[in-house]
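Per-chain residue numbering starts at 1, and chain names A, B, C, D and E are given in the order in which the chains are listed.
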Amino acid sequence: MMRANHLIKTRAIKAGLPPGTLVHIGETPAAAASITLIQFDETNFREEPLASGTVCDTTFSDTCVTWINVEGVHDIETIRALGECRHLHPLVQEDIVSTIQRPKVEDYGDYLFVVMRMLLPQPENGFASEQLSLVLGQNYVVTFQEGLRGDAFGSIRDRLRHGKGHLRSQGADYLAYGLLDAIVDGYFSVLENFGERLLELEEEVALHPAPQVLVQLNELKKQIIYLRKSIWPLREVLSFLERGDSDLIAGTTRVYLRDVYDHTIQAIDTIETYRDLLAGMLDLYLSSISNRTNEIMKFLTIVGTIFLPLTFIVGLYGMNFKDIPELQWQHGYLYVWLVMIGLSLGMIGYFRHKRWL
Amino acid sequence: MMRANHLIKTRAIKAGLPPGTLVHIGETPAAAASITLIQFDETNFREEPLASGTVCDTTFSDTCVTWINVEGVHDIETIRALGECRHLHPLVQEDIVSTIQRPKVEDYGDYLFVVMRMLLPQPENGFASEQLSLVLGQNYVVTFQEGLRGDAFGSIRDRLRHGKGHLRSQGADYLAYGLLDAIVDGYFSVLENFGERLLELEEEVALHPAPQVLVQLNELKKQIIYLRKSIWPLREVLSFLERGDSDLIAGTTRVYLRDVYDHTIQAIDTIETYRDLLAGMLDLYLSSISNRTNEIMKFLTIVGTIFLPLTFIVGLYGMNFKDIPELQWQHGYLYVWLVMIGLSLGMIGYFRHKRWL
Amino acid sequence: MMRANHLIKTRAIKAGLPPGTLVHIGETPAAAASITLIQFDETNFREEPLASGTVCDTTFSDTCVTWINVEGVHDIETIRALGECRHLHPLVQEDIVSTIQRPKVEDYGDYLFVVMRMLLPQPENGFASEQLSLVLGQNYVVTFQEGLRGDAFGSIRDRLRHGKGHLRSQGADYLAYGLLDAIVDGYFSVLENFGERLLELEEEVALHPAPQVLVQLNELKKQIIYLRKSIWPLREVLSFLERGDSDLIAGTTRVYLRDVYDHTIQAIDTIETYRDLLAGMLDLYLSSISNRTNEIMKFLTIVGTIFLPLTFIVGLYGMNFKDIPELQWQHGYLYVWLVMIGLSLGMIGYFRHKRWL
Amino acid sequence: MMRANHLIKTRAIKAGLPPGTLVHIGETPAAAASITLIQFDETNFREEPLASGTVCDTTFSDTCVTWINVEGVHDIETIRALGECRHLHPLVQEDIVSTIQRPKVEDYGDYLFVVMRMLLPQPENGFASEQLSLVLGQNYVVTFQEGLRGDAFGSIRDRLRHGKGHLRSQGADYLAYGLLDAIVDGYFSVLENFGERLLELEEEVALHPAPQVLVQLNELKKQIIYLRKSIWPLREVLSFLERGDSDLIAGTTRVYLRDVYDHTIQAIDTIETYRDLLAGMLDLYLSSISNRTNEIMKFLTIVGTIFLPLTFIVGLYGMNFKDIPELQWQHGYLYVWLVMIGLSLGMIGYFRHKRWL
Amino acid sequence: MMRANHLIKTRAIKAGLPPGTLVHIGETPAAAASITLIQFDETNFREEPLASGTVCDTTFSDTCVTWINVEGVHDIETIRALGECRHLHPLVQEDIVSTIQRPKVEDYGDYLFVVMRMLLPQPENGFASEQLSLVLGQNYVVTFQEGLRGDAFGSIRDRLRHGKGHLRSQGADYLAYGLLDAIVDGYFSVLENFGERLLELEEEVALHPAPQVLVQLNELKKQIIYLRKSIWPLREVLSFLERGDSDLIAGTTRVYLRDVYDHTIQAIDTIETYRDLLAGMLDLYLSSISNRTNEIMKFLTIVGTIFLPLTFIVGLYGMNFKDIPELQWQHGYLYVWLVMIGLSLGMIGYFRHKRWL
């Protein structure tokens, strides 16, 4: 079950600190941050892990693209070091480590700063969500991943290693596009997964509207609220990038960014559809309950209204009055049965007429 | 019954592939793609099937309009060949084969790329929906249909063959308009069909609000969600075409595109009306159920509250106490009947007063 | 009762026809179209019926205003003849005869084309609705009414005939304003009528929330959906005319068009208010039903919970055990009555405490 | 109780009249209109009543500010006379007397015409509402009040008479500001009053959710619909005045108009809050009803399910079979009591387990 | 419990007063206002309390930043004195003391005037809310706090005193940013607190949906309405400051204001999420009640429909007819037991089939 406090994590603990103070908000894994350096141009490719202390020793060159990927933003010292040698604004450094940012893009002239949520499908509760910060500068990209759970960039690394696609022959902006695209593609895995759980639940709502189904509906609703909050603001981010007021993004890359923008709109469309479906399922559930109550009441009413009069009749002839004439009749017992059968048949006829039977 | 996964089909399987990779998303029919070439000017008309391998052999000419129609986008090789000889951007090729696009229009300078949903009325579940991609260039139109189920273009072909209307004397932009118009006209067949099912269901809701009516209501609601998602974005597409920033569309054609735009708005209006009607029917259904429960309870209450006291009375005189004076009375049995009849009449009077009878 | 298919009439039968094909969509009355010509300037006034074949023989003059009014657009030949001699675009002719247009205005340079709904109060089901198309050119107005039911223009004709108001001294644009104004004024008759039915129904909802009240509520809701759909788009139409980008409308007329615009906004406001009232009445109805169920259950509970224990007690002393000591008591029967009366009073006290009595 | 036809008063009776025809729509009091003239500059102050026939005899001067206040717009002759000598557009005169205008502002160059609702707190049904029209010209203000019920301008007159504040030293625009401000301040009295009734009702909903509470809720809801409709459009009016495209309003007055604008937004905010509170109270009411039904059913279920089995048991031993062995047992009666007590305790335990007791 | 009149406090008592009249609206504490002066530059720091009479004796200097903080705006004399020596517009003075302002910013050229709500977490009812007015001029900031409850500025004072962060080396605009930031950070403490109460309540809704849970839900809903109303307008305020049309705010400070803007959007996002969660909880609650009613009815139905027929049977053989053949049978009593057991088992089977058991 998704913890609801996922939805209510706020930046309250930062109250009172000066701006630019690096305070990690989020889960703190035990392991240290893991840093990888990739440098490539059309002919060369270099990939190596970096130690925390050496993040600033890398030589950036105009002839190749440099990609530094940091996993684990709880390692504040590394972030600060990297932030300083790359001249990142203190507020940018602060945003990187406090992992509760709303997706946004900020243009600092020399570099663009993009924050978004990376969703990773998880077997147990649908998906994990972590913050991804991306700094795109002239010839370099630095990415910061919140956790150590892995990422959505496996295929990008493969394509870089093996020189598939244009990735190796293009600049840092195209690499940044590739990374954004990989993240947005990841949203669809999560959404498809979600959609399947929705389908299963729909079947249950229709067939066995038990109370726990409602709990599950509520659970899915909370997840869709979370997904919506994570993805919706990305629309503006990509629209900003595609419009391309920044020189850091080449005109040829913009058409690709428009493609990612289209995918984001599609993801948002899908989320809205799921919301509508969930609302429909809740209606279905509530009226199933009403229907069942109705059916139960009908059954009680039928049995009750047939047997209450009959019980009265048999009680009548159980009275101990001295002279009840019917009790002395030859076929009294038979007659009373006939009356009771007639009464029952009349009731049943009435129920049929009312379409209760 | 419409499969809900129609609504949740996503592009998840494409995650990790480089942009421009052609992967067919959607149903894959067994048959091969079927390609038709139509070339015409005011005096000449040529229509012939094309083999997959010869799609690029066609000579495009400035003096006539060329229309290539491809049915079945699962045939990736053909799409790629055609895409390359017509210089279509890799992302365009990708969009053509992954048939889950949101309706959109993109201006690539040399050509316009339009994606939309084509709806075909179907007897069993209302309608089939497939993606139609259209490339409008100088003097040519290429259309890509998702499936092999046929299309909405029969009348266009007839008018071209027999030279009816202006179609033969106008350019490729007018042909593209004609195709868009035919698709939007097709929406109305689907909507009218839908409207009739709505009417039938409304009658059932009013007369026999059985539980399966709710399931059908939910089914229609899901279809209207799908229709809305398919048609709504077309509004922007046509508004873009009508504004006409592209040189590919002549001024005289724009007034016709405005007409299609108006029809699209009308279709959207109709969809919104259906949504409102569906919401009203759900309210009607729910309160019908409440009314029925109310009526059932009323019946049980009437029978119960009449016979429970009577049963008590007859039980009273069935007691075996040594000396119950009433039992010894001359007309005790008669009196007890009088009391019971009086009580029942009083109850009935009370129910009439309460308007329960 | 308003037929719901009023709400679902679409242009489906037009699918596949070339643009500009005149196909009448709508009711087709038996009678022929009725055409009237009115020509006037400040001193002269001429009013005469026109035969179908002579609609194009009229001489239009710059010194007087010409108004041709056509009732019955099912007479396609007349529409086409008039359309051709007045040089109306084929799409305009098409829109005139297919009477399912959304209110709109189109500027064709030489003339403005306005489509709107004309509502006529009707005794039986509230109102009739027909399409009114208006062509405003230099010195002339042509109006096309869908049906033969009469129109809202009686007072305009009177004022023209008797020279009341400025109508005779102004141009065609002022006449067009007068006609639009008359139609919008007609909306208020319909809305007032509607409002009175709403008031009557509200009283019934409060006093006797019978099931048929819900059907009537739903009926009104459908009508308000229809009214909304008919009037809402008029807002944009009048805003366009008032802004006055067209030379056909004089500056002095614009202030009058702003007045019609204000009335339209008022009509829309009224419709929104009615929607809110209807929603409130539905809530009231539903909770009335809940209240009644509650009251019925309360009655059953009171009677049931008093008599069930009593019936048990009397049953107890109807048992045939050999030695039930109470049965042998001197005043056993009296005691048992006392116990039963005490129990009943206790129950009644409990109910009073619970505020159920 | 607020009459709902307050909400449905329309301009239907004006249908067919030429524009500029003065027809009074609204209540017509028996008394004649009451007209007051106030003229002032920094040193002089004159206040006198005017007779209907002499409204045009006033000399307007550039060195002092003239304020003519007309109460009772049913006096059409006076309005027309005043309208003509002040050169008011016929549509303005028409709007003044038909008291169903939506709040609006119109710039006629020489003068600004403002229409709004003036709300006056009333003991019996919360508030009275009348139309206030205000014409602001060079050095003069004319106000038209719908009724004779008094107005919100008492404090303005006091401040003018006694020379308090800047009112005497400023121009007509500042006077107009003062009047608008007084009216908007009046809204808050009405809203506060409304808020108190809301609070009282909320308490009742929580403690005694009787059916009449719902009727009152509905009543308040209708009032809030009316208030919303009356105040909401004022936002645009004041925003227009504050932006100040008209020369009639001095720059220094604009900052004061912004203040009125802020108050209007505050009033609208308050109305929206009340709407939310009302919606919450309706939810509270409905679920209180559900809770009560639930509680009643629980009681019936407990009593019923305890006594039905007991009644069966005592009935069992009331049977007249020849040989029922238990009847012959020594302590049969005692045993049957033990069984019944055990059964009852078991039931009670089950109910406790289910948290029904 | 939050008093609802918190939500309905209006400016009604100010009706009729001239603009610029200082009337305190809000709670009036017994204690006098408390005024503090802080003056600092990079090297110097001075902090001292000011007496009410000496607020205007402070020397403002261009080389240092002056911050005057007033707590307790009920002290109208002090506000007026300060307002006059700082040349604040009368409307600004009025807004400061009437503590019901909507958050807003106003540019008076020489100074910016900002009003907002300061939220302070409180143990008993979640939070206290007071108005904070801030005047930012050249080299000075004056803040006015509504109450004496303390504020959110502790950390700012600490950083000033100890020279931490850039605060001491920047201008008055940066100080103003710091104060706004501290207030917005305070919102998150309140929201986190709120979120926790939401979580607790959610658990209760799921486990024990008692009536008082609904009251608490309603309480939280009212608080979220209040929070929304307090924070939502701040968005525009900060957007205005960040766009920076005023010379009083340096370009370097704008990037920090954008950060506060982002935090405000985050707070609003969180509020919207809470609203959605609350709506979900209400649905959950209502259907829990329906479920419980359903379950209770089911139990009654099962017990009732089993025992009513049995009671009829035993009543049957309690009748006193002369010749009831079964009564004479050898094993009559046994047979009747078998019939009753068979009937019960049949019923139970039926219930299982219906999934009621």
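Of note:
Here is the rule we use: contacts are C-beta pairs under 8 Å (C-beta built on N, C-alpha and C of every residue); 3 or more make two chains touch, one makes a residue touch a chain.
Quick caveat: nothing in here was measured; it's all calculated off a predicted structure.
Separating the centre of chain C from that of chain D, both taken as means of CA atoms, is a distance of 26 Å.
Rounded to whole angstrom units, the spacing between the C-alpha centres of chain A and chain D is 42.
Within chain B, the positions touching two or more other chains are listed as 286, 290, 293, 297, 300, 304, 308, 311, 315, 318-320, 324.
Chain-to-chain contact here is organised cyclically: the chains close a single ring, every chain touching exactly two others. Starting at chain B and stepping first to chain C, the chains sit round the ring in this order: B, C, D, E, A. Chain contact summary for the complex, chain D toward chain C: residues 4-5, 7-8, 10-12, 14-20, 89, 91, 100-102, 104, 106, 208, 211, 214-215, 218, 221-222, 225, 229, 282, 285-286, 289-290, 292-293, 296-297, 299-300, 303-304, 307-308, 310-311, 314-315, 317-320, 324, 326-328, 332-333, 336.
Residues 152, 154-155, 159, 164-167, 178, 181-182, 185-186, 188-189, 191-192, 195-196, 198-199, 202, 206, 255-256, 258-259, 262-263, 265-266, 269-270, 273-274, 276-277, 280, 283-284, 286-288, 290-291, 293-294, 297-298, 300-301, 304-305, 308-309, 311-312, 315-316, 318-325, 355-356 of chain B are the ones that touch chain C when the two sit in their complex.
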